[in-house]
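Just passing along the structure, written as structure tokens.
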Amino acid sequence: MNVVVWNENRHEKSNPAVSEIYPEGIHGVIADFLNEENVSVTTATLDEEQHGLTDEVLAETDVLVWWGHKAHEEVTEEVAEKVKQRVLDGMGLVVLHSAHFSKVFKKLMGTSCDLKWREADEKERLWVVDPTHPITEGIGEYIELEKEEMYGEHFDIPAPDELIFLSWFEGGEVFRSGATFKRGRGKIFYFRPGHETYPTYYNKEVQKVIKNGVNWVKNTSTPAPVYGNAQPLETINN
Amino acid sequence: MNVVVWNENRHEKSNPAVSEIYPEGIHGVIADFLNEENVSVTTATLDEEQHGLTDEVLAETDVLVWWGHKAHEEVTEEVAEKVKQRVLDGMGLVVLHSAHFSKVFKKLMGTSCDLKWREADEKERLWVVDPTHPITEGIGEYIELEKEEMYGEHFDIPAPDELIFLSWFEGGEVFRSGATFKRGRGKIFYFRPGHETYPTYYNKEVQKVIKNGVNWVKNTSTPAPVYGNAQPLETINN
Amino acid sequence: MNVVVWNENRHEKSNPAVSEIYPEGIHGVIADFLNEENVSVTTATLDEEQHGLTDEVLAETDVLVWWGHKAHEEVTEEVAEKVKQRVLDGMGLVVLHSAHFSKVFKKLMGTSCDLKWREADEKERLWVVDPTHPITEGIGEYIELEKEEMYGEHFDIPAPDELIFLSWFEGGEVFRSGATFKRGRGKIFYFRPGHETYPTYYNKEVQKVIKNGVNWVKNTSTPAPVYGNAQPLETINN
Amino acid sequence: MNVVVWNENRHEKSNPAVSEIYPEGIHGVIADFLNEENVSVTTATLDEEQHGLTDEVLAETDVLVWWGHKAHEEVTEEVAEKVKQRVLDGMGLVVLHSAHFSKVFKKLMGTSCDLKWREADEKERLWVVDPTHPITEGIGEYIELEKEEMYGEHFDIPAPDELIFLSWFEGGEVFRSGATFKRGRGKIFYFRPGHETYPTYYNKEVQKVIKNGVNWVKNTSTPAPVYGNAQPLETINN
């Protein structure tokens, strides 16, 4: 399995508070813990040629992990369309935190993907609501994060195919913070935590969920459906 | 309730076989039977200024019914985006037959919306699989259409929120031919039948389903959610 | 529309704190505000003959509202089965608060319907997560209840057909507190609030949701499906 | 992984046409092809003590495959309840063909599970409608069975969590013939084909789907949720 971890990698360059937590970038930390799994992991970032997502790279990627925040608009329409198309063709996609507003996720959802937010160093508790799901494997009743950004409902997404985590926030809000979607032949997992100013991606349970998510979104070897004009399989009497 | 029936209205101009069946256009027949309900119905077509869908028209439309086929690409990106946005803002949308490939529907679904098709004058039988749904009100176990175009699976849509009709085709295929989706604050009903060379929209049961669909997709008066930065509702201890 | 409000009506007899809040019983208050709608409302309670739910009563009931808590086991198996069967035959069902553990709801869900709970006079905030749903009509972004019993995840129900409200609790839990289910030809709405020691059913927003719920679960006039041995509709070549 | 294949095993004893096709019973054939996977497979049948499903057997079973037809009522209430409870506690369940009417499946669904049927040696074609699903792995666009019993809609089940196959029948009906459900901590896969008078379980694609199904329903190692009275995780100000 080939996994590509994509990161905007801008906060890390401009905000010392972020680069102190993630000296090799958010993508670096995520690639590190995914490397513990039996997978091949590379990274790609916004400022690379074609954002590091050439046709060749995309063609060989089984699962793409996406983190973006302040520069969604700098992702070219062309690359965003290609990534969307690869998901429809079967590439798995793990969408993290502020990537709810990425071009790719919005194109795949068809909605605004808007939400409430607040940066107030508050506590988040992610409750498991689907304990049968492989993405929760090894996770207890909840994951507690001492300080995170708040995301609150209404989260403007289509009703998820599966709802896996619900977040409680100290300031009084709730959020559908783990959810799966199937689009075309691709599987998508959205996972809420991971604001750049907190060490969330060092949390072992958060890592476990992302690992589980990567495994869950990877494609099956079911043949691609055939579309278009079709000959009848039975005799038509007309 | 203000309903606008939008039609491409091209087959009617170029194909005598179509204009014979629908001398006032497909939109004319649909508007006629919707007029039997206690609603205000107008029509709009592709070749009108802004396709008949100005900001003023859209702002006052509660439900938009959409039929298109051969000229999807001639709908401007601008109008398609505005219509999508109005759906997200609460306008109901009924998507008929070949409008599965309309810009608006594809933008809202996020998938290719592709399918199998065949024009072979074959029989279609639409089975009710959700007899609790208001859209099936007054419909028996199935609707039978002696001659229709075939649409077959795989239909590349997100898993519908509700699956209402399943079609059987004489040539050996099946299709999810009645399905609902919620996107933003808007409700969407896709209904399969209605190829331009058949008198499908004169069928009383098809008319009943479309009437039911129009009623079902109309907006509620729930206030719009508030998005963006939010003050805490509870004290945060940090 | 005939609505029957069923109540266990035991706390009201044994606990002065409850009878002070609900001197005519929880059913009395619910029947009162439903009477404001254009419906016919009656009540039935556990200690009546057949719990007030004779075959005649059930046959004429369009929507049944159910509140129970400490005496679920005293509902006879026979009546519970009859009520379940009437739901499958099309009677709407609104299940309130501790009725999550009623025989009828558990039979219809097929799961334990278990949850976490706590009586600690804590704040509950019910967030709307499906603003398109008629059950949220007229409700703002959330409903706030100053003091309620806590119900927390994991709530052992099947994934709801529609998730409408999510609760935030002061003590740190979340809950899927408004959810719909279709079973057979019947529609079901579960709504969480309403512990007997709080005046929750006097809250105008809670009342509005229950009124909306009653309207939503009422049956359509779609004919009943036919089951069993069926003659072919097409020629079989074998 | 421990798999138990349960079979009523009555047609095989009373109907030579069945025993000729399945001389070692339907369970024998299913156990044989599951043995090709890296799993431990045993069988159990109705006429064994406790139907072969003692507490010890159930406790060690990861996945139960169930086939029954004419003797559903002979399964004791006690065993049916125990099996249901084991599913809620995490045992996977694959429900085949006429087991739609088994006590266990009906208890888990909460509905009548009724349907249309016909024995007319007709053709069935099962179309894949969810090509992302692991249960379709390795299966093409459809599976064709030359002769099978017909099952037709309306199929009285709750809306499935995932719809995987849709059947077309020569006689004019359609059916949701592959569907998944989660109940409690257990996963359930219903798969339609397999009437006792046809050699359906020798079909390699049918076998592949059942193998995939067994793998999909097996439990995760997510800890069991805790239910009941719960201490607050946060300070409550009242």
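Labels for the chains are A, B, C and D, by order of writing; each one numbers its residues from 1.
Here is the rule we use: a contact is a pair of C-beta atoms (placed from the backbone, for glycine too) under 8 Å apart; a residue touches a chain by one contact, two chains touch by 3 or more.
All of these numbers come straight from a predicted model, not from anything done at the bench.
Engineer: Go through the assembly and pull out the chains touching chain A as well as chain C.
Structural biologist: Common neighbours, chain A/chain C: B, D.
Engineer: Which is it for copies chain C and chain D: same residues on both faces, with over half shared, or different residues?
Structural biologist: same
Engineer: Take the average of all CA coordinates in chain A, do the same for chain D, and state the distance between these two points in whole angstrom.
Structural biologist: 33
Engineer: Counting only residues that touch at least two other chains, what does the list for chain A look like?
Structural biologist: If we look for residues of chain A contacting two or more partner chains, we find 125, 128, 130-131, 141, 152-154, 159, 161-162, 170, 172-173, 182, 225-226, 233-234.
Engineer: Testing understanding: with touching defined as stated, what is the shape of the graph linking the protein chains, line, ring, star, complete or other?
Structural biologist: If you draw each chain as a dot and join those that touch, every dot ends up joined to every other.
Engineer: Please give the residue numbers of chain A that touch chain B in the complex, ascending.
Structural biologist: My answer: residues 84, 88, 107-112, 114-118, 120-122, 147, 150, 152-154, 156, 158-159, 161, 170-173, 181-184, 225-234, 236-238.
Engineer: Please name which positions on chain A make contact with chain C in the complex.
Structural biologist: For this pair, the touching residues of chain A are 125, 127-131, 141, 152-155, 159, 162-163, 166-169, 172-174, 176.
Engineer: What part of chain B is in contact with chain C in the complex they form?
Structural biologist: 90, 125, 128, 130-134, 136-141, 161-162, 170, 182, 185-187, 219-226, 233-234
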